[in-house]
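Some structures are shown below for you to check.
Look for chain A in each of the two complexes below; its partner is chain B in the first and chain C in the second.
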Partner chain A sequence: MYSREIEALLQKKGIVPGDTVRVVSNRKSFEGVLLPRPEFGDQDALVIKLKNGYNIGLELKRGSKIERLQREKESFAFPRVKLEKKEGLPDVAIVSTGGTIESKVDYVTGAVHMLVEPEEMLAQVPEILDVANFKVVSPMRIASEDMTYKNWQEIARAVAKALSDSHGVMVTHGTDTMHYTAAALSFMLEGVNGPVVLTGAQRSVDRGSSDAFMNLLCSAHMAAKGNVAEVGICMHANASDSYCNFMRGTKVRKLHTTRRDAFRSVNGRPIARVDTHGNIEYMDESRKRRSEGGRMRVVPGYEPRVALLKFYPNSDPEIIDFYIDRGYKGIIIEGTGMGHVAVAPTDGKLSWLGHIKRAVESGMVVGMTSQCLNGRVNANVYRNLRLISGTGAVYCEDMLPEVALVKLGWLLGNHKRTEAANLLAKNIAGEITERTEIDWD
Partner chain B sequence: MYSREIEALLQKKGIVPGDTVRVVSNRKSFEGVLLPRPEFGDQDALVIKLKNGYNIGLELKRGSKIERLQREKESFAFPRVKLEKKEGLPDVAIVSTGGTIESKVDYVTGAVHMLVEPEEMLAQVPEILDVANFKVVSPMRIASEDMTYKNWQEIARAVAKALSDSHGVMVTHGTDTMHYTAAALSFMLEGVNGPVVLTGAQRSVDRGSSDAFMNLLCSAHMAAKGNVAEVGICMHANASDSYCNFMRGTKVRKLHTTRRDAFRSVNGRPIARVDTHGNIEYMDESRKRRSEGGRMRVVPGYEPRVALLKFYPNSDPEIIDFYIDRGYKGIIIEGTGMGHVAVAPTDGKLSWLGHIKRAVESGMVVGMTSQCLNGRVNANVYRNLRLISGTGAVYCEDMLPEVALVKLGWLLGNHKRTEAANLLAKNIAGEITERTEIDWD
Partner chain C sequence: MTGHDYAKLGFKCGLEIHQRLATEHKLFCSCDAQMTNDVSIAEIERRQRAVAGELGRIDLSAAFETRRGRKFIYNTFRHTTCLVDVDEEPPHELNREALDAALQIAASFGAWVPAELEPMRKEVVDGSDPSAFQRTVMVGHGGSMEISGKTIGISSIFLEEESSGIEHSDSSAVIYNVDRLAIPLIEIDTDPEIRNPAEAKEVAKRIGLLLRLTGKVQRGIGSIRQDVNVSISEGARVEIKGFQELDTMDKIIESEVERQENLLEIKKELQRRDVRVHPPVDVTSVFGETKVNALRKHLEDVSGAVMASRLQGYEGMLSKEINPGRRLGTEISGYAKLAGVGGIIHSDEDLPAYGFQGGELAELRRMLGMKDGDAFMLVAGDKEACESALAMANTRAQQAALGVPDETRGVDSRQLVTTFLRPLPGGARMYPETDVRPIPLGSDVYAAARRKAVDVEKVSRTLKRLIKNVQLEEQMLWSTSLGLFMQVVEKTGVDGGLVASVLLDKMTQAKRMGKDVDKIGAEAVLRIFGEYKKGRITKAGIEEIVKHVPESPEDVDKMIKSEKLERISGRALEKLVKESGSEEDREEAIRKVMSKHRLNVDGDELRGLLK
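The block that comes next holds the complex of A and B.
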């Protein structure tokens, strides 16, 4: 909110954020779009987005003036691009699913809404039209926190269809659960035979600092000519705008709430770095090349009755019973360290160890991962670990907890229980790295 | 396990891992302790720990010989130090609680057991006796995955008592839940007036690569002369043995399963770095100095009916009812991104949003954190976030989920519900950093 004085003035003039205005301050005149006051900043300064894209704060003093040039609706219709076929360019499909990258700020509430059509999104980065010929499909337009496995299945089908006549596919997606979707696609797209590039934005496209433009452009290059047959996430690699990383979909995690380089490879390195000019530097020689891509098949089965539980001091292991009672088929536990849970009974009650044993006996698949995120679980180092793995819990090597969850749901959706348990700790889509000496560094 | 041939030979000779042996291999003679075969390695090589500390693998071929020089028990009694008062040295108390730092490998099973007495532990780093005069108390000797809030309370009392006549206190502790205990002590030791230094080891003290020695020595220096009045964790700062970091107890997390530099400051920087020579470089000017320490008071109250839940795609929000039914007083949610959960109902059922609303209405305190770990939650950026915070859920700024859990249990153990909710997002022990521009980098 602006200060009471400014609010009163704006109200009197009928001006709302989003309107294009002319402000005279200190005898200088400025034209631009009135923004809502930034959350941290001077209450007494109007913030205007100038035509050149910069925001400026203007103090309203005696002698200052403000007038409206254009109403909000008119000023915020983004231009759209017309998708015309250009000769000699590779084909890239965009599977648009929603998220901040397809959003703009609602200048009345200051919150971000999902409003931008994919064609508007591309219009923000006109040079992208020289990278590839695009076609856009949009199976859904939702915030990524609302994604479910049904959306993953839809996206998998849309990607497979699109990939049949494109060099690569971009999937625009909200960042919050992008790594869950990336993991799901990694398993559901069996024998993927081209680059499947998920991308998004940490800041909406109408903000000067938006990462959308560069993420779109780098992802387009990766999809248009990347020599990979893998699912990955392509986002800012660092705080500057120097390049993006293309990170394996089963080895990546959102590790910051707001930074543009929030996505990081965990327990592995990025597959490639790619810049806005289309330079691609491959960093992982073990990557699957396009030529290795087989006949792609969508394997969409998914058992949603799988849970991800975190063990922590004083946590009640009877939570496991809650899931047994509901007919859950699998549980992934985020243990501490190398995969620990409490082994000693507390107040005469069964410990986590006892409840895990009961879950396995009831027919559940129980997988153990680490809340450390980095590194590998190991059932052999400590006595307590041996006790836990002795229950039949599967130690999931260096797999991320979220990836283990998605993998277990997918395994149980397509395989019998015993087979699913056997496959859980075996590498299928790059989610498990062979042991290396480096782990023990 | 060794190969069947070696096992047979050892059995015939009555030799077990842990025995001191002489092996003749390739006409050379080696003396040392027979180790169990390392998990990854040649089955046909005996592994001997030489007197100089190195391990060597020796192939047993025709002409090789092995004989026992000393039985296991005799060879593995560690020396103990005698704690004698030296003039002019500061007093440091060690509160020993268990963990790998107080453990050695069981050479029969190959697993790590808790066997080392604190005086044996110090004997591994004899130079530590020139740093301070030590006294040792040991309220418990347990693996840290078995710690509960009752242990936290005991440790808090032991630390407070010890600090009354020492410059500082070291707490030796298992690494798995060390950061949970560090958070608990940060809240329970109100007005802490000296350095409280938690330390541990990622490798047991009888391994050549153990980090115990350096961690003990650096922690002793920090406790003996650190000009801080804070609870922190002091562990290896990097993969080499150059120095340790002393990290604020409410801003630190175990972020690798096995690396010696597994503990990292999150959303803040270490308070100081300290080396084995006792050089201390302070890195955080905002730290509380010894002179600022007030009258210390133990505030041990803790409400254990608090839960930490992670939201993820397809997760069932009815888990919240499980905790309501059990009379829980508070829940910390690890949302995605800036603090999201699903807002859209799935299959006609109440969404996470609806269940959070119900929990708050039932009298629970609900706190929102981020599974990104790094960065800050923010209820104002997206429409869905506004809906969630509209339920009365408390957005916990840049507090780590585990710290928020411990803080909420502590608040509810010492305050009424409303006050606890009010204090949750206010800084008490360095767990919340004021907003900075850097967050938005």
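The block that comes next holds the complex of A and C.
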């Protein structure tokens, strides 16, 4: 929004953004298209797009003039492809949920829009239409940081429905919490019988260099013909546009804020590599094949009163009491090293031991993971570890903290407390591996 | 070619001058903005695509690049590349040092500066930017410059990111060095009101000088580039890129005018004839047993093919000369080459010399359905490459009947002609750089820039007054020593002619003798001239100290003592004259004293003494 004065002036003259205007500012005359005020910047500066394509900000003060030369012309339109069924191609369903991969800049104003129609999203990579026949459902269009477990449930239902009559499903998603959704789908989709491929973009799709193009193509190949019956994330494997990794949904984490290879497999290797030509190289023999998929069932239950707590030096364990008092059912702790929290600090009030014990005794399930992310927690090596596990906290093997959180919410939503506690450290969807191969990469 | 009446030709010409700024960091990150000779630490391979445009417009240049389908490899470097450069991290804040320099330059042209700067993205389709766009900001508008009594308008001034340097390029890939990417660059565009090639050169030179005088720009090869836009009536706008030196700029523009005139002649002739370009035909079967090397080497490959187009009514036109040694066929070949073939062979050439057999040619003509007065062109190579090469070559052949195509052309600095690079991009697509906030410019910021504005005329006049030697004045105007020169004259009051001759001539002489005069500190220079002004040393003494490369004022003091450079004057000089025993013979006395005390005695004083 422009300042009140400018808005009033524009209104008086009947000028709206998109109109071609002539502005006289500081005795200089400019012609161009009036743009809406960008989110940031000086509300008193009028922004117009000159004929040479550049935008400039003009001061509108006493002596300045503005007049309309031409009404707004045709509005901005995104290109789109036509979805037609081609004989002999596999069927792939796209469940689109929002995020960078589905937003596009209006080249005139710079405003970012959601691509409303799937035909617009696929128009960015028209060759994708030679990979599969697509149908698209869009249960929501939100940024991934706004997602809740209800969205996971909704996506799970949409994926299950889509997978019942297609060879594979792609889920387009914002990247920030994509690994939480991947974990949630891994647990909620019991007996999944085909590839469920989450993908997104780290760089906006208005630019010719966006990672979205390759991510979409590789994901389409993976969904169409990958011999996998698992949920995973398919994104750039490195900084080059050479191939993507398809990574198990319970063994993957966003590990970089901006790079296109932000998603990395942790405590496991990617299930496969896939390139834009559809070459797939499987890297994990333990993967579930299509033939191993069962009768798929959605198990959507979820207990949202679970929390993820990070232990750090000087951290106040009373936070646990807060959760107990609020009626929380479970806590996952991100401990240090092999799963430590303070046990015998000089200031006794900072010991977590009694608080964890109280939580467990009050009926909560408490799980221990490591903020190292890489590696396995252990309840025995040090005395302190034995003391902590003695409180009844469950040591969660080599499970990522976020995955443990999602799993605990899901377990508590579908099982009794004791059962949930028992299952927390047992593998259900590839989230725990019993042996870690020597892989020094 | 001289003696053109450029006004009558409808000659229109404008310049775009691109100059790298000498800042510490790049424009939107904290990488070093000075290229080094480091080796690349990692390679990144990328594909880019022409992002579908708004309003359905297809940019010929973008489509052209997409059709080539090349991959881009980026060499990255320890100190000059970071995640921002390779499109793995959003840009940081705009570099203030660069902005200040840009505003100073804008002020020097008297340009109008916006109240708020709006950083933009300009789409780049040739891969030279890993993000597929260049960040650019318009910092000035509507300035002007005076040259030989005429005012040349400066339409716009931009602050933008330098592109990557090309390490290697072929039909399948381009290798770029990302060290150069995003070094701050200032672009100055003139209005298209330059009247002739000589004036173009003069304007370019003057802008270059002004930029240098700001002291904020890089020097050396490639740090400044001139693009020239030229057209004549009925011709087309041609953008000529890559002038290596200004000396030949006028000659090259003349050649370009000549080329456009000749193309217009060709157009007239083709329009008189009934010409048509026919679609390409696969004629591989004709050349199964061929002795033509240029074809045979491709046909050994399974995917190798020969394809040809019939050019109805074109006989004799492909060999029409458009510049010395360059024909219409050369131009068409340029288009075909971009698709990755070696060029075209056409029927206006000496075909038997290639090894073509009569039977082959007869069969080819039959397959193409050729009649008298027709021409053909053929290409050989990978079938796909042949198809796109002939598609492009056909387009160019058709354009010949319409006149001069809009093109971006390069410079052949040996032949002094322009050569085809690619079709002229349509209006570049620009949209806001949403990762960076708009930058408000307070009036105080521009006022500060105005105070630092450079006035070339004024500097010129000052030098004329101070130096009084045309050659040294001109030399000083372009010299890196200009700032120091002004300082010395102002602070010490020593005659400008002497200071200029020491800073330009004597320093150069010492350098030629192997002295590392670049190490002489500015403060040391000030001290030397200060001591001279005080009468402590002589002119000859100045030269002598310079040879000893003093790095500091203290060094100067030490050298005056250790090299015994103190001036001998007044009584002491009279004593010397007496001692020479030649008081009666003036010339003999001067000779004797000077031969012994050249460095310590001021010749003028001595001559005055012996009057």
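One rule holds in what follows: the second predicted complex is superposed on the first by the 341 of 441 C-alpha atoms of A that agree within 3 Å, B and C clash if a C-alpha of one lies under 4 Å from a C-alpha of the other, contacts with A are read in each partner's own complex, and residues count from 1 in each chain.
By definition in this document, a residue touches a chain if its C-beta (ideal position, glycine included) is under 8 Å from a C-beta of that chain, and two chains touch if they have at least 3 such contacts.
Every value quoted in this text rests on a predicted model; they were computed, and no experiment measured them.
In the superposed pair of complexes, A:45 makes contact with chain C only, with no contact to chain B. Looking at the shared chain after the overlay, A:25 reaches chain C, while chain B stays out of its contact range. Looking at the shared chain after the overlay, A:378 reaches chain B, while chain C stays out of its contact range. Of the two partner chains placed by superposition, only chain C is touched by A:208; chain B is not.
Once the two complexes are overlaid on the shared chain, A:56 sits against chain C while remaining clear of chain B.
In the overlay built on the shared chain, the residue A:435 is in contact with chain B alone; chain C does not reach it. Once the two complexes are overlaid on the shared chain, A:9 sits clear of chain B and of chain C alike.
In the superposition on chain A, contact is made by A:258 with both chain B and chain C. Set against each other, chain B and chain C differ in how many residues of chain A they touch, and the higher count belongs to B.
By the touch criterion stated above, A:240 is placed in contact with chain C alone, chain B being left untouched. Applying the stated touch rule to the two superposed structures, the overlap between the chain B and chain C interfaces on chain A comprises residues 40, 106, 109-110, 112, 239, 257-259. Those residues of chain B that touch chain A in the shared complex are 39-40, 106, 109-113, 142-149, 152, 175-177, 180-181, 209, 239, 254-260, 262, 304, 306-308, 310-316, 319, 322, 326, 334-344, 346, 370, 372-378, 380-386, 402, 405, 409, 435, 437, 439-441.
Across the complex, chain A is touched by residues 43-56, 83, 86-90, 112, 114-118, 120-123, 125, 130-133, 136, 138, 141-142, 156, 158, 427-432, 434, 437-438, 440 of chain C. Taken together, the chain A residues at the contact with chain C in this complex read 25-26, 28, 38, 40-42, 45, 47, 50, 52-59, 74, 76-79, 105-110, 112, 123-124, 203, 205-210, 213-214, 239-242, 257-260.
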